[in-house]
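Each of the two complexes below includes chain A, the first together with chain B, the second together with chain C.
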Partner chain A sequence: MELKREKTGIILAGLVIGVIAAVLVVLGNPLNMGFCIACFLRDTAGALGLHSAANVQYIRPEIIGLVLGSFLLATVRKEFGSKGGSAPVTRFVLGFFVMIGCLMFLGCPFRMILRLAGGDLNAVFGLVGFVCGILVGVFFLTRGYSLKRTYQLPALEGRILPVVQVVLLVLLIAAPAFIHFTEAGGGPGAQHAAIAVSLVAGLVVGALAQRTRLCMVGGIRDVVLFREWKLLAGFVAIFASALVCNLILTGATPNVYFKLGMAGQAVAHTDGLWNALGMLLVGFGCVLLGGCPLRQLVLAGEGNTDSAITVIGLVAGAAFAHNFGLASSGEGPTANGKIAVLIGIAVVAIIACCNTFGKKRGE
Partner chain B sequence: MVCIATFYSHFGAMRFKKDCEGWGIPAKLMPVPRDLSSSCGTCVRYESDTACPTGNWPEEMEQAVAVTGEGYQALWRAEHS
Partner chain C sequence: MHTVDARGLSCPEPVILTRKAVTAGELPCQVLVDNPTARENVTRYAQHQGCQVSVTEENGTYTLTLTK
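== the complex of A and B ==
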């Protein structure tokens, strides 16, 4: 009964989140990008001047809402707890390379689902790579991979990232000259819903994800390890509801929200191999981290400082990707990006090996 | 009694399950129930007359609870967790 109740809750949450994602696009977000943790962290990094790609600079309120939604619900339900100390530097590096993989594919696992729901078949290659990456990660999990335990920390530690989100919200609203914003018509950074709408959407999704533990990586991992479909059902629900919304919106409005095919998709390229390899890196890295980028934000909101470090790693990866020409564009992947993804796969594999085979029992 | 133990790593759970089976105690790996923790991961559900069937609480174990009609009753929790 307990399991059935959990599953029902996750499916309902997924359905709601899918609708919210579709509505955010109608209200101004880029196509198939109602939510994208990687893209939105990248935009925020740009707004703070951490990279200078003028077309992707905007403090995304959805990110702020996700962290604060999780923080508020966890606090109310007495689940907030500052903890950390489980290989923070390793997690930073993993977060960094997960972002490199995301920006090769042009989206996080969440956006991969939304791209599929918008008819973007390039995301099928991403999904195949993502599943392969998770399988590689599970291989190490079942052979002893561990980043060691977390420890209780002073309450302030876990509250710093939520406070930073409040500061970012103030900067977004005040819009001082030192914050960079993509000019109107200048690219995806200029496409966004109203601040209040995006913030509320983030708060709702953050709270739902905290309550249900929604995680794309955890979903596939649990299917592989336990034949347990509960977590994955949430993402299937997101896909289904976003797909239905996109089809209805395409029929009912002059705009196209569902276009089946590979060419001409929004903020996407058609290089199947690198779409797959990018998401392989994401899947592999995220299994070692214990969750997808969305889950890292939610855990950070609950007071997990290891996840907060991972989020900082994701932001650093985004800044690095745009400063050194690693991020793909609609034209396709870059040579630098391909090299970075291969380096990323190698680094993640080394981290996996060192934390699996490089330790003795009980160490 | 039916107990659930949560761990810091999947491998810790696998090892505990194996140890339980070595002691002849039925044990099963499963995802951590949401009502027990907001963390996701692997736990071990086992049936035992004693809270700690393997002699010592494993280093990689985070907590152990007994499953009761009303929910869970704490049996043990790692220090500073």
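== the complex of A and C ==
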């Protein structure tokens, strides 16, 4: 009975999140990018001057809302707790390379679903790679992979990332000269809904994700490991809801929100192999982290400082990707990006091996 | 009674450790976790396996007792 209630809850949450994602696009976000944790962290990194790609610089209120929505609900439900100490440097490195994979594909797992819901068939290659990455991660999990336990920390530790989000919100509203914003018409960074709308959307989705434990990686992982469909149901509900909204909006407005095919998709490229390999790195890395980038933001809001470190790793990866030409564009992947993804897969595999087989030798 | 100490472990390790105990036939057993997500996940898994689950909480640690 309890399980049925949980499943109904996550399906309803997924349906609401799909609608919110579609509406954000209508109100100004780039196509198929109502939400994208990777893209939005990258935009925020650019706004703070951590990279200088002028077309992707904006402090995304959705990210602020996601963390604060989770923080507020966790506090109200007495689930907030400062904890950490589970291999933070390893988590930083995993977060870094997960971002490299995301920026090869041009989206996080959340956006992968939204791209599919917009008819972007390039995301099918991403999904195949993502599932393969998760299967590789599950291989290590079932053989004892662990980053060891977390410990309780002083309350301030867990509150720092939520406070940083408030500071970012102040900087967004005050818009001082040292914050970089993409100029109108200058690229995806200039395409956004109004601040209040994006913030409220983030707050709602953050709270829903905290309540339902929604996780894009966990959905597939739990089906493979335990034949448990709850998290995947949320995933499917987001896809179904966003798809229906896109079809309705395409029919009811002069704009196109659903275009079936591979060529000419928004903020996407058509290189299937590298779309798949990028998301393989993401799936593999996220299983080792215990959750997708969305889940990391939500856990950080609940006071998990290991997830906060992971988020900082994601931001560092985004800055590095744009400073060193690793991120793909609509033109396709770059040579540097391909090398970085291969290095990323190797590094993540080494981390997996060391934390699975290494401990058997007492390391 | 066999005890699985899954406190502080991230998702899905508590469930994997519980599964190991259940498949090894180590029932009844106690599973210790320290966050609501792990409590929910372990409970759900155990119920799927036909186990009865009772939960007590003390100082942030949940003790789940699994019986068949």
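Just so it is clear, the second predicted complex is superposed on the first by the 360 of 363 C-alpha atoms of A that agree within 3 Å, B and C clash if a C-alpha of one lies under 4 Å from a C-alpha of the other, contacts with A are read in each partner's own complex, and residues count from 1 in each chain.
As a convention for this text, a residue touches a chain if its C-beta (ideal position, glycine included) is under 8 Å from a C-beta of that chain, and two chains touch if they have at least 3 such contacts.
Treat the numbers as computed from the prediction; the structure is a model and nothing was measured.
When the two complexes are overlaid on their common chain A, residue A:151 makes contact with chain B and with chain C alike.
By the touch criterion defined above, A:212 lies against chain B but remains apart from chain C after alignment on the C-alpha atoms of chain A.
Contacts of A:226 after superposition: both chain B and chain C are touched. In the superposition on chain A, contact is made by A:142 with both chain B and chain C. After overlaying the two complexes on the shared chain, residue contacts for A:79 are found with chain B and with chain C alike.
Using the contact criterion defined above for the overlaid structures, shared-chain residue A:290 touches chain B and also reaches chain C. The contact surfaces that chain B and chain C form on chain A in the two complexes overlap at residues 2-3, 6, 79, 83, 86, 141-142, 146-152, 213, 215, 218, 222, 225-226, 228, 230, 290-291.
For chain C in complex with chain A, the touching residues are 7-13, 15-16, 19, 35-37, 40, 43-45, 47-48, 60.
By the touch criterion given at the top, residues 2-3, 6, 79, 81, 83, 86, 141-142, 146-152, 213, 215, 218, 221-222, 225-228, 230, 289-291, 306 of chain A touch chain C in their complex.
Considering their complex, residues 2-3, 6, 74, 79, 83, 86, 141-152, 210-213, 215, 218, 222, 225-226, 228, 230-231, 290-291, 295, 299, 302, 362 of chain A touch chain B. Those residues of chain B that touch chain A in the shared complex are 8-12, 14, 29-31, 33-35, 38-42, 59-60, 62, 78, 80-81.
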